[in-house]
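The chains carry the letters A, B, C and D, assigned in the order they are written, with residues numbered from 1 in each.
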Amino acid sequence: MNFDAPYTIYILAAYGIGFVLLGGASLSAWRDWRRVSGAWARLNGRGGRGS
Amino acid sequence: MPIMSGNPFASPLPPQPFPLMLRDVTAVCGETRVFSGLDMAIDAGGLWLVRGANGAGKTTLLRLLAGLLRPASGASLWGDGRAPRAVPERATLVGHQEALKPALTAAENLAFWARFAGVEENPWPTRSDPFSVWALADVPLRTLSAGQKRRVSLTRLAFARAPLWLLDEPTTALDAAGQRTVWELIAAHRRRGGAVVVTTHAKGTVEGASELHLGDER
Amino acid sequence: MNAFVAVLRRDLLLALRDGAGTWTVLGFFAIAVAVFPLGVGPEPQVLARIAPGVLWAMALLAALLSLETLFEADYRDGSLEPLLSGALAPELLVLAKALAHWLATGLPLAIAAPVLGIFLNLPTEAMPVLLASLLLGTPVLSLLGAVGAALALGARRATVLLAVMVLPLSAPVLIFGAGAVESAQTGLAATPSLLILGSVALVALAVCPVAAAAALRQAVE
Amino acid sequence: MAAASAIKAIHQTMLRAAQPARFVELSGMLIPWVAALGAAMFVAGLVDGLALSPPDYQQGETVRIMYMHVPAAWMGLFVYALVAGLGGLGLVGGHPLAFAAARAAAPLGAMFTAVCLITGSLWGKPMWGAWWVWDARLTSMLLLLFLYFGHIALSRAFDDPRRGDKAAAVLGLVGCVNLPIVKFSVDWWNTLHQPASVMKLGGPAIDPSMLWPLLLMAAAFKLIFFALWLVRTRTEVVGARLRAAASRSRMEGER
């Protein structure tokens, strides 16, 4: 793929958006899981750095 | 209109598929389990007094018997093996709210419920006005007091054709005369072969009634 | 059968008794249509070009506005439970209420639309088709709205939720409704669009009562 | 009859695997593998799509956006059907896991639909000279995105999450019935207003060198979705258990 073609910016932007949204979804899913599993660990008395 | 011995009802009750049996029923409301392992048999002419703290599931039990709520586990079946959910018309549920439209008059509200229940000719007020609300007929509901609205709402029982009455604390907001009328109506309904389940906080007991306590407060 | 008629009569009586319902919907419809020339400018050709779309879109929004009260009032004053545990099947209850809603709002909107067409310089030969398309389309809005109202029963911000749910589903009605008027305006035959609109109405008549009844059942659960 | 008993058997095994407790543990082991495989496929798709595959003779380099745009569209539609199916299963069978899985999948479906729309707009600028063109497919995807918003908003609009799940499930089923009608009406509407037929996205037949990156990316999206879906469903299941535990302790507190 040559990078000096006229519309390269659009292609990079499209893949960039893909990265951003996929990455955002992954991060938020992981963050929710850690928050819930932490709370569950605390509730069951293991406390501290649950799984 | 004394109804001590007479029959205040317009239409007699056709033979009904009692008993309604509950076997080891668990009820879930939303995500919380309300009660479990409940056994109950409602026979023709029977009366059940259901007591328990607020939130113990009294109203949930009535909604389950009316077929609005599916039991989470266990079985609740009529004598002919059909679930209340399939034959909702066999139960009349009178809840805390009046189910009346403030914009309409008492007469219009009761006329609606009579037609909805499929009664050909509305017996109220001529042949059956147990709560003597005839005087309030043409007054918009909006202007009535809570007690008066309650009496208009309970008048619906005069033409209810369902064999099973489910009354949720029917005597609230009623004066002594109104409360007496409620118990007389219940007795009359039992005499004609119907059954009644009443949730109440009143302590006294009624002759020939079974009692049920929900929640573990004895 | 008389339970169905009983519900229909009571809802119509309620709609008449507080007549405000119908008049506010018509008022909104008139104002919403009148706003467009202010925004778009007075040129008759431009207005005539956008007339079908504007009239139809505003009729759609006006119909949505009045849906919230379809089950909400019964839900709050406790009459929904006895209505659902009576001899009348929930599907027929939904049909009775949707029909009452249509008679109280859909029909007046359809009759008022040609009159408002004059604001937008709609050619007179397109007006009968406008009326026909609205008569076919507004029942679908009442039916789809009944599903939305049943789903949003007891929800927070029910009206906004109702619009977000129902608008995407009413796209076909808007497209074929406005399309019919536009083809009549440009001399093409409007009947194909009206026929498709009629079939969409039949699908809605079959699907919506079942969906709304299911929504009502689990709303009272 | 054999089919019925087969379906019953599948249903049973799904039921056992679908026990929430079993599921949390089972999915815990599965997620790392699926995520790793998905990431690998994604990188392969990127390399193939951006570097190895040839430019299109008409569109030139911009055709590479298709490898992101089209798989995202497929995912948006696939996840909506999945969510509607799970909702139906939850309504009929009452499996709590079905509702948790539907609630977990809906936002992911909306995300894929958004990726599709944004990449479509980025593709439209060089090809049609406008950020947004009311092309039939883009319009249908836009309506699908609104359906997703309606679904997610409804499922979160009630205090009792179970009530939201059931309402959203009914909406999902109604949406499913409506999708073909919406698709048909948008196509019809597009041909009515669009005199010249716009260049078909991706041409009549995609030659193999372009098909490979497309399939790679489609597979990558499916795996990534599956991994994220498992993580989010686990979160929903444990979250429900937290709520149940909290309400139980509230009940004990009252006694």
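Methods note: a contact is a pair of C-beta atoms (placed from the backbone, for glycine too) under 8 Å apart; a residue touches a chain by one contact, two chains touch by 3 or more.
Being a predicted model, the structure only gives us computed values, none of them experimental.
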Centroid-based (C-alpha) most distant chain relative to subunit C: A
Where subunit A and subunit B are represented by their mean Cα positions, the distance between them in whole Å: 55
Inter-chain centre distance, subunit A versus subunit D - centres from mean C-alpha coordinates, in Å: 17
Distance between the centres, which are taken as Cα means, of subunit C and subunit B, whole angstrom: 37
Where subunit A and subunit C are represented by their mean Cα positions, the distance between them in whole Å: 42
Shared-contact residues (touching 2 or more other chains) in subunit C: 221
Two or more partner chains touched - positions in subunit A: none
Two or more partner chains touched - positions in subunit D: 163
Every chain pair in contact, whichever chains are involved: A-D, B-C, B-D, C-D
Touching residues (chain side subunit C, partner subunit D) in the complex: 147, 151-152, 154-158, 161, 164-165, 167-169, 171-172, 175-176, 179, 196, 200, 203, 207-208, 211, 214-215, 218-219, 221
Touching residues on subunit D, where the partner in the complex is subunit C: 91, 143, 146-147, 149-150, 153-154, 157-158, 163-164, 166-167, 170-171, 173-175, 177-178, 181-182, 184-186, 188-189, 192
Touching residues (chain side subunit D, partner subunit A) in the complex: 46, 50-51, 55, 60-62, 64-65, 68-69, 72, 107-108, 111, 114-115, 118-119, 122-123, 125-126, 224, 228, 231-232, 234-235, 238-239, 241-242, 245
Residues of subunit A that touch subunit D when the two form their complex: 1-2, 5-8, 10-11, 13-15, 17-18, 21-22, 24-26, 29-30, 32-33, 36-37, 39-40, 43
Footprint of subunit C on subunit B - complex, ascending: 63, 66-70, 88-89, 91-93, 95-104, 108, 112-113, 115-118
